[in-house]
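Below is one structure, written out as structure tokens; the observations come after it.
Labels A, B, C and D are assigned to the chains in the order they are written; within every chain, residues are numbered from 1.
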Amino acid sequence: MKAVLLNTSLKKGTEASETEKMLHESARILQKERIDTNRFHLRDFQINFGITDRLDGDDDWPFIFEKIKEADIVIIGTPVSMGDKSSIASLILERLQGYETIKNKKGQSIFYNKVGGTIVAGCGDEGAKSASQSILYRLSMLGFTIPPHANAIFRSDWDNQDTNQTEGEFETKNAERMTYNLIHFAELLKFHPIPTLGNVLE
Amino acid sequence: MKAVLLNTSLKKGTEASETEKMLHESARILQKERIDTNRFHLRDFQINFGITDRLDGDDDWPFIFEKIKEADIVIIGTPVSMGDKSSIASLILERLQGYETIKNKKGQSIFYNKVGGTIVAGCGDEGAKSASQSILYRLSMLGFTIPPHANAIFRSDWDNQDTNQTEGEFETKNAERMTYNLIHFAELLKFHPIPTLGNVLE
Amino acid sequence: MKAVLLNTSLKKGTEASETEKMLHESARILQKERIDTNRFHLRDFQINFGITDRLDGDDDWPFIFEKIKEADIVIIGTPVSMGDKSSIASLILERLQGYETIKNKKGQSIFYNKVGGTIVAGCGDEGAKSASQSILYRLSMLGFTIPPHANAIFRSDWDNQDTNQTEGEFETKNAERMTYNLIHFAELLKFHPIPTLGNVLE
Amino acid sequence: MKAVLLNTSLKKGTEASETEKMLHESARILQKERIDTNRFHLRDFQINFGITDRLDGDDDWPFIFEKIKEADIVIIGTPVSMGDKSSIASLILERLQGYETIKNKKGQSIFYNKVGGTIVAGCGDEGAKSASQSILYRLSMLGFTIPPHANAIFRSDWDNQDTNQTEGEFETKNAERMTYNLIHFAELLKFHPIPTLGNVLE
């Protein structure tokens, strides 16, 4: 099985970020379970804006998309600002939407039998849940399956260093629950893909 | 298998509503597939406000909750006003949240192995998707599985009667896709319940 | 000038709530500025569901609505659960929407020249901003003016008692900024009501 | 007075878009009222990602920001996809947030005394209101004033060409109401800027 983790932080990959810490926790579990895990820090790639399945040929999207297409598990990691996911998270969801009418061999959406989750670095913004619900809804409407609790929120405000220890436990537990549920459903769908009755695209 | 359909319209059950028409379409398919289907028009019941698993003994919640607990499939139907689900949809999600820490026999959330979907009567409000994402997110965070495309939107503006015919097709197709995907996943989880690794409540 | 503060907590008025603490802070400032301030704990009243300007005659809505109609400033206070405002906040916004097409003497919405704000008791839910934006948007689309920073969030997780002191400052400052901006705009609109060009209802 | 209209469509400026049609309607009114009106199709500019007031020196942001800083009225126009504003709308809101702690001469946010509105091309997506509320909330939390009804939604599904005529009236009326209310408040704040009590940044 394969997993792709997309970091949509606005910071370049060389800078530390809470989003990265959470993705790392999730990647650790995926690898322990022997799942082929690819991580991309999207800010370090050039991806053009647009809702289309047409390739421009001048950006890194074809490479990223190929990895997503092969993956059983896709996790989008995002920071939160003012109750919203990052613009790079939006950009990637728009690019995926370009394939909304593309079919798999059985005539369903190409994202069927893939599972999706999201990691959100709230960090005191108090808006992590609006970012989360927007990402999970869009994945779901593209054809991804959303397992229970497929959302891990990093809620610490790093300015209050002294409270991290207890809060770190909360984060770790959430990342763990999300990651294992993603694995459970990816395995389930590997052996029992979604039947075609009622969901074939025209 | 069992399904529960909850109509959260603000109108009393004796008045016609778009939400009811959509739920009817979904119920028809569920029954055709021999699934035991219960429909409740919540406005006709008395349900107290609160986030608690404590029963007051003076309302109809214990009866409704018993049906939800037995169900494999739960569908929440709501009208939309100003980009929001109905207050009765909120009320029912709060009541369900009262059981957030209650465990099934394996120690997981009692909503594990249930699947959830939503039917939203947008009717020209242009806010159906914010209502949808809020309902699906809350179900998902309670432990429900969200299959792909588990959201059917009724977008017709009934004031423009002449355009209904074509739009009716859109609605029927969406209700069908949602309902079949809910059935597929309910069956899947019936025979292959979610393993406990990583998701047991403390 | 007059202000109405609506507490939409699910708890009865006799129980302590974070929402109440924040509303208290705001009321204190309003009263200091000699503004006639009414506070209602809505859970203690009976208000029927519905989007209508028709009065049923068997609930407390006419009394509450009369106070809102007279007010220059309206503040809705709500707890947050799973990224959402309370169902009582939804209920009250629906009741207000019942007057969407009712006109003032100049033919504008009856909510013109009123200002609106919201106090949200996040308390570690990480969803305060989705609750906030939904309330402010609905007030705004009903005709209320939304001054800058008309949103005070109570973000403390009361389980971490030791960190309250610093966080209390954050909350107080936000409640203060919101309240003063509401007062500034209420005064402005008192002396310079919104001209009718472009906004008269048909 | 000055207005800036930002088109955040994903399409290049040479392609027709519903967002552009709506912005055009609004610009027409602004110009009729002799307001100096600047329109930018952001897709045709290079704007780097980030939440910072530091200028990179290698993109067009300084030029765009200078125009926003001078403006009394700012309107963000966006298409909707899957219940969300465009990623370019997100990007621009993030860039504005970079100035969250920058003060005007009186010590308030530099966006005080500016008014904000949004034009959303829903076009059958049924998600226009979630896009709208997110944009208005973020502008509001940055310091913009949000007049009543500062949101114009283009709800037509252009595939149903025959129904456009009646729906066009709805759109025009909404764009008009939004634009005039923005003008009324911009004028009000020109002559009566927001007092500093309670809202000075530290």
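Just so it is clear, a residue touches a chain if its C-beta (ideal position, glycine included) is under 8 Å from a C-beta of that chain, and two chains touch if they have at least 3 such contacts.
For clarity, every value in this text was computed on a predicted model and none was experimentally measured.
Asker: Does B-C or C-D have more contacting C-beta pairs?
Answerer: C-D
Asker: By CA centroid distance, what chain is farthest from chain B?
Answerer: D
Asker: Can you work out the whole-Å distance between the CA centroids of chain B and chain D?
Answerer: Whole-Å distance between the two chain centres: 36.
Asker: If you average the CA atoms of chain C and of chain D, how far apart do the two points sit, in angstrom?
Answerer: About 25 Å, centre to centre.
Asker: How many Å are there between the centre of chain B and the centre of chain C, using C-alpha atoms for each centre?
Answerer: 29
Asker: By residue number and range, which residues of chain A touch two or more other chains?
Answerer: In chain A, 82-83, 129-130, 132-134, 137, 141 touch at least two other chains.
Asker: Please name which positions on chain A make contact with chain C in the complex.
Answerer: 82-83, 122, 124-130, 132-133, 153, 155, 160, 162-163, 166
Asker: Help me check something: in the complex, which residues belonging to chain A touch chain D?
Answerer: My answer: residues 10, 43, 49-51, 81-88, 90-91, 93-94, 97, 130, 134, 137-138, 141.
Asker: Going by the contact rule set out above, which residues of chain D touch chain C in the complex?
Answerer: Within the complex, chain D contacts chain C at residues 29, 109, 111-112, 129, 132-134, 136-137, 140-151, 176-177, 179-181, 184-185, 188, 192, 194-195, 197-199.
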